[in-house]
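All remarks here apply to the structure that follows.
In order of appearance the chains are A, B, C, D, E and F, and numbering begins at 1 in each one.
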Amino acid sequence: MNIGILLKEGPYNHQASDTAFKFAEAAIKKGHHVDAVFLYNDGVTNVTKLMDPPQDDRNIAIRWSELSKKHGFEILACIAASKRRGINDDVLVDGGTITGLGTLTDIAIRNDRLVTFGD
Amino acid sequence: MENENVKKIMHVLRHAPHGTIYTYEGLEMILIMAAYEQDLSVVFIGDGVYALKKGQDTSAIGIKGFSRTFMALDGYDVEKLYVDQRSLEERGLSEDDLIVDVEVMNSEKIGQLMKEQDVVIHH
Amino acid sequence: MLHTINKSPFETTTMETCFRFLQPGDPVLFIEDGVYAVQSGNRFSPMIEALQKSNPLFALQPDLSARGIDAVADGVEAIDYEGFVGLVEEHQVNTWF
Amino acid sequence: MLHTINKSPFETTTMETCFRFLQPGDPVLFIEDGVYAVQSGNRFSPMIEALQKSNPLFALQPDLSARGIDAVADGVEAIDYEGFVGLVEEHQVNTWF
Amino acid sequence: MENENVKKIMHVLRHAPHGTIYTYEGLEMILIMAAYEQDLSVVFIGDGVYALKKGQDTSAIGIKGFSRTFMALDGYDVEKLYVDQRSLEERGLSEDDLIVDVEVMNSEKIGQLMKEQDVVIHH
Amino acid sequence: MNIGILLKEGPYNHQASDTAFKFAEAAIKKGHHVDAVFLYNDGVTNVTKLMDPPQDDRNIAIRWSELSKKHGFEILACIAASKRRGINDDVLVDGGTITGLGTLTDIAIRNDRLVTFGD
């Protein structure tokens, strides 16, 4: 099955990003294809490589980056939402891309499922 | 005969405007998706009905107003605007309080429409 | 003590929780989406009109205007940001969100 | 259609709103803070136990464990992330938050 | 005689743990403030009482647990831990379900304590 | 009167930052002293100079920066909260400083009021 993921909240402050990640991992493990993770609202802040959590905590941006590279999907941040929140190409983690809402529409159309995570 | 390449996509607006950005960014998403010729609908539930309230003047809070943008949806061929009847009633509002023409529906009917969708996105 | 509430009572229990701890005489200021509580003729109007007998109730006019609310429950006074500051001059602040 | 709910029913009206639009037979999955709804013996237990007669109810075990919930209302099935994916295989998803 | 340089500061924990970070970052704030020898109290209201629930195991959600940190508060001389009775009862919880010793109070008493504070911070 | 402000949510996504700003302006206009604005939780993202909203919208970081410089107060972001969210010295708007929670405690102690804005 082809799955798109829409993530609408930022990291750490809300569990949405953690749940989306665990869901993506489990879907891949079951043999499904994660097509893309699209970030909207405060969700765009999931891709800043500047985040620097304590050593014993998860690094949410790097975790998404590694999963996406390993399984060949993109982490896409909405450009309008990103500009409002100070996310630009200079701070993007490897595997992250800034794009428009048209890309989300394509993701919604071409996949069997679009699964939203928010708060 | 239904076009199998057309997806039923429903946007559910559930937040009041201005207190959070969800309604505004939801509207931005709807306007973009409107260009893709899918079967789009927009449903206003709970505090989402406040997004359509007439007479909003945001000048004193310093945030750009956007309620008039809902009037532009028709021009983008987004014509399926559904409002939950009970959400209106509980808030002491009627159709006359809303800035655009909508179809007021009961929860049962909206629930059935939801179930038919390929994609549902809450804002 | 001034209590401020910024959440719609239709969506969260913040207002109800605040009211449970509120002491008689303490003012309440509704701001942001909290102002929907005091729109006249909604489900919460009886509660608001009962409360204003024991507590001074205020709503932030800029937030009322932004939301197109032109009629508030009886006994609720609309104030601007200057009035908000005035209340803070008189009271310590307990911000409910 | 699979409905997921991630909010505590004690703090927001999200669950109540979802239930109003839910069609008979459609599964509901409680995740994150939503799992507090199905802790056995709380104020919502009668509602949950009535609903499971018409709709399959699930709760995410990792979220139950994280919150120290070891007993859920009758008829609620605990599943892991793999079970979550399984439900998504069967249904389109309606995420309530 | 009261020390006029000591402020009464109350932290109100109102969110469940893990779903949002407010409880955890609230606890971090309390631990720092504890070093400043003010008159500190911590009140658990609404879903905030869940922060103290025994038996939390966050390993499967991948978030670091912190409920045991509440047990350390005593060592920081944060001894005024108050729990709202009704919030406990509605959630089917009792004092035995909580990881630390607290004083369970009714709303009226907590409301009176709140009113005496110089600073109240909700988390 | 001396006033400290605690801001617990990020810009644009929540009105909290807008209300805090309007309150600060009004307090200054009434002759009060705003001592500092302390940013916590997602609130730390109010000070990234990378934000780039549409031309006809307010720039929340610059607005805070200008008000703080004009009236001699600081915009302080909690270091632990900032690190989690990718806010560091390189992205700080002029007038912003990263500091510890001890500073907030000092602000709470030395001012007549601490007014919180959150969501």
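Assorted remarks:
We take it that a contact is a pair of C-beta atoms (placed from the backbone, for glycine too) under 8 Å apart; a residue touches a chain by one contact, two chains touch by 3 or more.
Keep in mind that what you see is a predicted model, and the values were worked out from it rather than measured.
Within the contact network of the assembly, the step distance from chain C to chain F comes to 1.
Using the contact threshold fixed earlier, the set of chains in contact with both chain B and chain C is D, F. Each step here moves to a touching chain, and the least such steps from chain D to chain F number 2.
Chain centres here are means of the Cα atoms, and by that rule the chain farthest away from chain A is C. In this structure chain A contacts its sequence twin chain F using mostly the same residue numbers, the overlap exceeding half. Between the chain pairs B-D and A-D, more C-beta pairs are in contact across A-D. Centroid analysis (C-alpha atoms only) places D farthest from chain F.
Separating the centre of chain D from that of chain E, both taken as means of CA atoms, is a distance of 27 Å.
Our note on geometry: chain C versus chain E, Cα centroid distance of 26 Å, whole angstroms.
One finds 40 Å separating the Cα centroids of chain B and chain E. Contact of a single residue of chain A with at least two other chains is seen at positions 12-13, 15, 19, 22, 41, 57, 80, 114, 116, 118-119. Each of the following residues of chain C touches two or more other chains: 6, 10-11, 13, 32-33, 62, 80, 92-93, 95, 97. Among all residues of chain E, those that touch two or more other chains are 18-21, 46, 61, 63, 119-120, 122. Contacting chain pairs in the structure are A-B, A-D, A-E, A-F, B-C, B-D, B-F, C-D, C-E, C-F, D-E, E-F. Interface of chain F with chain E (complex): residues 6, 40-41, 80-81, 100-102, 104-105, 108-109, 114, 116, 118. Remark: chain F residues 10-13, 41-42, 45, 48-54, 57, 61, 80, 83-88, 90-91 touch chain A in the complex. Within the complex, the chain C residues that touch chain D are 10-14. Here chain D touches chain E in the complex through residues 6-8, 10-11, 32-33, 36, 39-43, 45, 61-63, 65-70, 80, going by the rule given at the top.
The residues of chain C lying in touch with chain E in their complex are 1, 13, 17, 20-23, 26, 92-97.
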